[in-house]
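Two complexes are shown next, each including subunit A; its partner changes from subunit B in the first to subunit C in the second.
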Partner chain A sequence: MDLSQYLEFASCTDPGMVRSHNEDAVAADPANGLAVLADGMGGYNAGEVASGMATTVITTEIQQLLAKVKPYDIDPESNKIIAGQLVREQVMKANASIYHAAQSQPQYAGMGTTLVVCLFYDNKALVAHLGDSRLYRMRDATLKQITRDHSLLQEQIDSGLITAEQAKHAQHKNLVTKALGIDPTVEPEIREYETRPGDIYLLCSDGLCDMVADEDISMTLEALGANLKLAAQQLVQMANDNGGKDNVSVILVRVLREYPAARGVVGKFLGWLK
Partner chain B sequence: MAKLILSMDGLVLKEIPLSKERTTIGRKPHNDIQIDNLAVSGEHAVIVTILNDCFLEDLGSTNGTLVNGNPVKKHFLQNNDVVELGKYRLKFVGEAPVPAASAEKADFEKTMVLRPAAMKAAAEQARAMGAGAAEAARASAAQQVAAGAAVAGTAEREIKSAPAPTPMPMSATMTTPTPIPAQAPAPAAAAPAAPKSPHPLGAIQILSGGNAGKELELAKPLTTLGKPGVQVAVLTRRPQGYFITHVEGANPPVVNGQAIGTAPHALKDHDVVELAGVKMEFFLKG
Partner chain C sequence: MRSAFWKSDWFLGLVVVVLMLFAGGGDLMQSLERKAYDIGVQSSSRTPSDRIAVIAIDDTSIANIGRWPWSREVHARLTDLLAGAKAKVVANTLFLFEPQIDPGYQYITQLLELAARADPAAPPSPLQAEMLALLRAAEAALNTDRRLADSYARAGNVLLPMLFTIDIPRGKPDRPLPEFVARNAIPAAQPELGALPASEVYYPLENLGRAAAALGHLNANPDVDGGIRTEPLVLRYFEQHFPSLSLMIAAQSLNLAPADIRIRANEGVTLGRLTIGTDPALQMYTYFYKNVDGRPAFQVDSFYDVITGKIPAAKYADKIVLIGATAAGVGTTSVTPVSPAMAPVLTLAHSVSSILQEHFFVAPAWTTLAQWGAFLLIALYLIVMLPRLKAAPAALLTAAVLAVLLGVHFVLMTTQSTWMQLMVPATLLLVGHVALVTKRFIVTEAAKVKSDESSAESNRMLGIAYQAQGQLDLAWDKFRQVPMSAAVMDNLYNLALDFERKRQFNKAEAVFRHMHDYNPKFKDLEQRLTRAKQLSETVMLGAASSHPGGSLNLAAGEKPKFGRFEVQKELGKGAMGVVYLGKDPKIGREVAIKTMALAQEFEADELAEVKERFFREAETAGRLSHPNIVTIYDTGEEHDYCYIAMELLKGGDLAPFVKAPNLLPADKAVSVVARAAEALGYAHKQGVVHRDVKPANMMYHLDTDTLKLTDFGIARLTDSSKTKTGMVLGTPSYMSPEQLAGKKIEGRSDLFSLAVSLYQLLCGKLPFEGESMAQLMFKIASEPPTSILTVNARVPPSLVAFLDKALAKNPDERFQTGEAFAAALRAAAAGPAGRPPTTVDIEL
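Here is the complex of A and B:
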């Protein structure tokens, strides 16, 4: 089923005011309900290579698989819905590609990327992430951070060493503890959330959340939610107006109406009628 | 940016900024720095620039490369190092100390993985390959160490005006044109004193309709105006001033009798805006 009538997508990416090139990469496939955002790192231009590989590999592989299976199909072996497995395997595939490139080509040594992937299906959002790229949800005029960063800072907050308020002024915001392409294998954190019509999901790189306060992000989504493209541009502009020290990328996804999975013959028929 | 000053017999010939990741030096014309002299090999040496660090590597030249009088194969260039190729001298000038401090800050902002084991493995790998990449790995390992030191609280560098009480302390420090000396605590205190937006506060006064005469201050970064579902516009407060942008509705708002289209439109003092059938005037408050 084509999800583009149920979900509205808008994305925007910008190198920011300081960096000469953009190491972020974004990809969105509204028909398959898929959004991927990566923030690359590594010397030379390797960061761009890593983030570009991540978004390309993950979107194309998932697109190909979704042509054959549905994310809500049940895997006969594990008896579970395959969406989680599907996303996890493609993230791992992207990890292997980046790791291999980094190992085989000296100019790419040490490259990696953070990642956040969101797959919408059956009134749910399946979220996989690594590092400090985030997913937020705007629901009932409240902005909530859905993903928890894999970063030193987050670990310090969790262990009670520092408070969230102190963390805003911390000096080592940039140290992530998990990333794609650094180790031969990686286990992305995968979670699933129910979605509701009216929800706005925001995938963003740390260039946004380090530069723009959560209150301002929330205000923007509330004020400009009616015009998603403008909201995305506004968020990037705010990050740049505040200094734009890093590349800034955002993908916004709004749930227009319910999109339950069309299961069985009747469901398929109804889905076809729509 | 670091640069090289090429000279022969004490005569300065050229200044070359190290703007590229690889700056090649040799006799053949395709080199970035061509030195047409038989004592210089066709592909003599290369300077690899990673972030602020420059590494000189001799590419197996016939007559070798000297740094400060000593023959080198690979060398991490320091400020005022003198590289000699035959009769030619290249003086390396690193970044000026103050800009360097701000550049270091920028580097420190770069996202890095905190995986010392993996970094070491990468360094080993690169070394095993024996390629120029060894430098890259070493540089990243060095960064790793620097970052680790900062975490341990031993680094003295002031990255941001950390104690600034404003929710967005970066705005003030980032727009300061002169880089802040690394150790001085004063700028941190001065930062919040600088206004977040240098331009004056704007406001809207309603001219027609039921709310005529009412005034609305535009203190927030964004203010939406209009009727949802009919016509909505947003007024954004930016460092450059105020802008009005069309959000929803069939027609964009009208400013001074002209429809503004879909792009943001800069507002000037006493502009008249028409939105959802209501006229209003934008003005700047002192």
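Here is the complex of A and C:
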């Protein structure tokens, strides 16, 4: 079923005020309910290659697979819903591609990227992430960070070494503990969440959350939630106004109405008619 | 991101439907319906009534009888003729509305009036009487109208046409209709029966009209496209309903009067037992009969032929005779489904036959419903279904639906004589489909332009990803779709290098060429392209030539690699492949790389097994570490070759030393063979059997007197396989009897082969020789070796005895181990007297 009538997507990416290259990459496929955001790293142009490869490979592969299977189909072997497996495999595939490219081509050596993937289906959102690109959810006027960064800082906070307040002024803000394309294999963190009509999901690179306070993000989404495109541009603008030290990328997804999986013949027919 | 509804497919469908709804009633669509109707009429075939005969006032008649209009006397004569022949009904399609007055007739009448004024009392003189008679005769002859009327009256079965003006009357008629007209009206109770209204009427002269049996209107009601398809069976003139001439003829032929005609409001006319279906305006869809074999459907005779008696009038007995003009310039013709110019008399014939034979078409009320139903279904299809279908199924489905619509139309026409107007739904279907396809094409094109930039980047990323996965062809596919830019040039350059590494020079060349088109000055592109071109050509030649594996082209500077070893040069060609001089770049050690083009040697189904065996053997041999056995460093697979990297040896194999005059000194030969025996003994203890011991596999360097056995286990590869070349086996001169017999090979077989080699090294001949392979094999298996003394008489007896034992057929009778072999050999060579062996010179 074509989700573009149930979900509204808007995305925006900007090099920021300081950097000349945009090493972020975003991809959205409203019809399949897929949003991918990657924040590349690595010298020269390699960072944008890594993030570009990540978004492209994941989007392309998932699109191809979704033409054949539905994310809510049950995998006969594991007896689980296919979506998790599907996203995990494609993330790993992208990881292998980036890793091998980095290994085999000197100009790409050492490249890698953070990643956050969001796949919507059956009133759910499946989130896979690596590194410090985040997913936020705006529900009932409350902004909540859904993903937990894979970063040194987060580890420090979790282990109680420093407080969240101290973290804001920490030195090694950008040290991630997991990323795509650094090791031959990688295990993304995958979770599933129920969505509700009215929810707004925000995928963003650290260029946004480092520059703009969560309260300001929340206020912006509340004020401009009706116009997602404008909200996305406004968020990027705010990051740039605050210095724009890094590339800024956001993808906004709003749940317009329920999108339960069409099951059974009648359901499928109705879904087809819509 | 929702797009505006007016861009959506279903909205386009809706627009097309609404447009068609308006256009459906228009001339264009209706003409299309009519065309389909005509085709339907033409494709059905019916037999016309044979009771109908047409007498045509054709060009021949006019040429012979005189200029048109003729004197009505001529018509009277024909009427008399037909009356005499007892025709059933005679109908004339000529309009006899005005009297025909001869210019002399007025004078005759005046003269007659004068004569009438003469005194009736006075008896006329004979001359007067004669004059009066002549005048009366002249009057009678010149009053053709009366002559015709008399004729009609006598016949009593002549029908004449009237003509109405089809128009809605606004008021009341100018004057009441005369009785002879009014008597033709159909008695009808209610005024509103649906018949077409008429406002004016032209009827025949009173005397003719009175003489006629009945009058019927000869109005045609042309269709939207001007063609005649229908016959208005009944016209309403104010309060009265008048039947058409055709209906009257039919009634007359069935001996029915106007009173027997019943009108069924809006759906038909009943004539006695005949029920004629019509449209709501009481118009019958006339069936037009096709010409049969080029002849008209009805028999049409020339007026002249009938009146001159060329065609006997008796032919028309009991027939319905229709008389009318068909000559050019007389009367008007009209377009009908079967003819572009049909005279009214023929149209009438078709109508009469349609009525009598019940061949007319009908369009009952349900067809209208069905038409709307079809329209609605097609509309739904366009709005709901089509936007969701992919191009190919959509085209198929549309074609199928169209076929069904056309099929229904024609089947109904030809078999049920029912006309359902399905061309509007069909057109709606076609227009809607084309509109949607066009719209989609335009939208995709627009979207394509829009997404080109982002898709270029995607393709580049996918290209890098595929290249990283080793799928170079896919990567090349992706990169090729990316518009050229500096960034892509870098990617392409890397891809080309990867292709080169894989020895796919033709593909590398393609990539370089692609890059060259954009920027020939990029890095060292020019040289690379030239070289890739050269290489791709040589590799192709190499593959085509017979020698297996082909040589790697080393001249061009690109150093191919086998595993970590860089190929330096070619050392020679072996049985299955080429031997290269390689170099381990890490430690600078030079190695020999023996290659085998297994992929070329073996069939695909065997290949996997052969490879596995190759690596297993290589691994086994690699475990051997002995001063007289070549060390193996590495094995692997590259460029479709399997390779073994081994110790690089100085010198060459012993093959050159087995022929006089190059024989080694006997003590050297013995020492070499003894060392080989020890090496074999060591290998056998490790569980490795050489399988192919022969001088060619013993590497010997004369200056340093070093011996190394090579190619352990390699022969095993080809043991059971169908090699293409068969070269590995060569002649089985060194094989042991049990090896030939296909038994299990073990160490003692190697020792037998070693003994054969020793024999050959000592005397330059083989112990077993045969004219043919079969003979050779027989000798090895069952005959004793040729005595070495016959070749070289100087061989000491101890060595002769040694050889006899070593070449025993039964393995149990030979030396059991390499060490025993070596010890016995050395002992034998030392001689029974313990003398050092003398140099054996061959004198030939």
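Annotations for the structure displayed:
Please note the rule applied: the second predicted complex is superposed on the first by the 274 of 274 C-alpha atoms of A that agree within 3 Å, B and C clash if a C-alpha of one lies under 4 Å from a C-alpha of the other, contacts with A are read in each partner's own complex, and residues count from 1 in each chain.
One rule holds in what follows: a residue touches a chain if its C-beta (ideal position, glycine included) is under 8 Å from a C-beta of that chain, and two chains touch if they have at least 3 such contacts.
Quantities reported herein were computed from a predicted structural model and do not represent experimental measurements.
In the superposition on chain A, A:Gln107 makes contact with both subunit B and subunit C.
By the touch criterion defined above, A:Ser4 lies against subunit C but remains apart from subunit B after alignment on the C-alpha atoms of chain A. Applying the stated contact rule after C-alpha superposition, one finds that A:Ile98 touches subunit C and leaves subunit B untouched.
In the superposed three-chain model, the partner touching more residues of subunit A is B, compared with the other of subunit B and subunit C. Of the two partner chains, subunit C is the only one that A:Val49 touches; subunit B does not reach it. Shared-chain residue A:Val117: touches no atom of subunit B or subunit C. Judged by the touch definition given at the top, the superposed model places A:Val57 against subunit C, while subunit B stays out of reach.
Of the two partner chains, subunit B is the only one touched by A:His169; subunit C is not.
Looking at the shared chain after the overlay, A:Pro30 reaches subunit C, while subunit B stays out of its contact range. Shared contact residues of subunit A with subunit B and subunit C: 102-103, 107. The touching residues of subunit C, counted against subunit A in their complex, run 1-2, 384, 388, 457-458, 460-462, 464-470, 487, 490, 494, 498. The touching residues of subunit A, counted against subunit B in their complex, run 18, 39, 41-44, 102-103, 106-107, 109-110, 112, 114, 131-132, 152, 169-179, 182-183, 206, 211-213, 215-216, 219-220, 223-224, 226-227, 230, 234, 237-238, 241-243, 245-246. Within the complex, the subunit A residues that touch subunit C are 4-5, 8-10, 30, 45, 49, 52-53, 55-57, 59-60, 94, 96-105, 107-108, 272-273. Residue ranges of subunit B in contact with subunit A, taken from their complex: 21, 50-51, 106, 108-115, 118-119, 122, 125-126, 129, 131-133, 136-137, 139-140, 147, 150-151, 157, 159-160, 162-164, 167-171, 173-175, 220-224, 228, 232, 234, 236, 238-239, 245-248.
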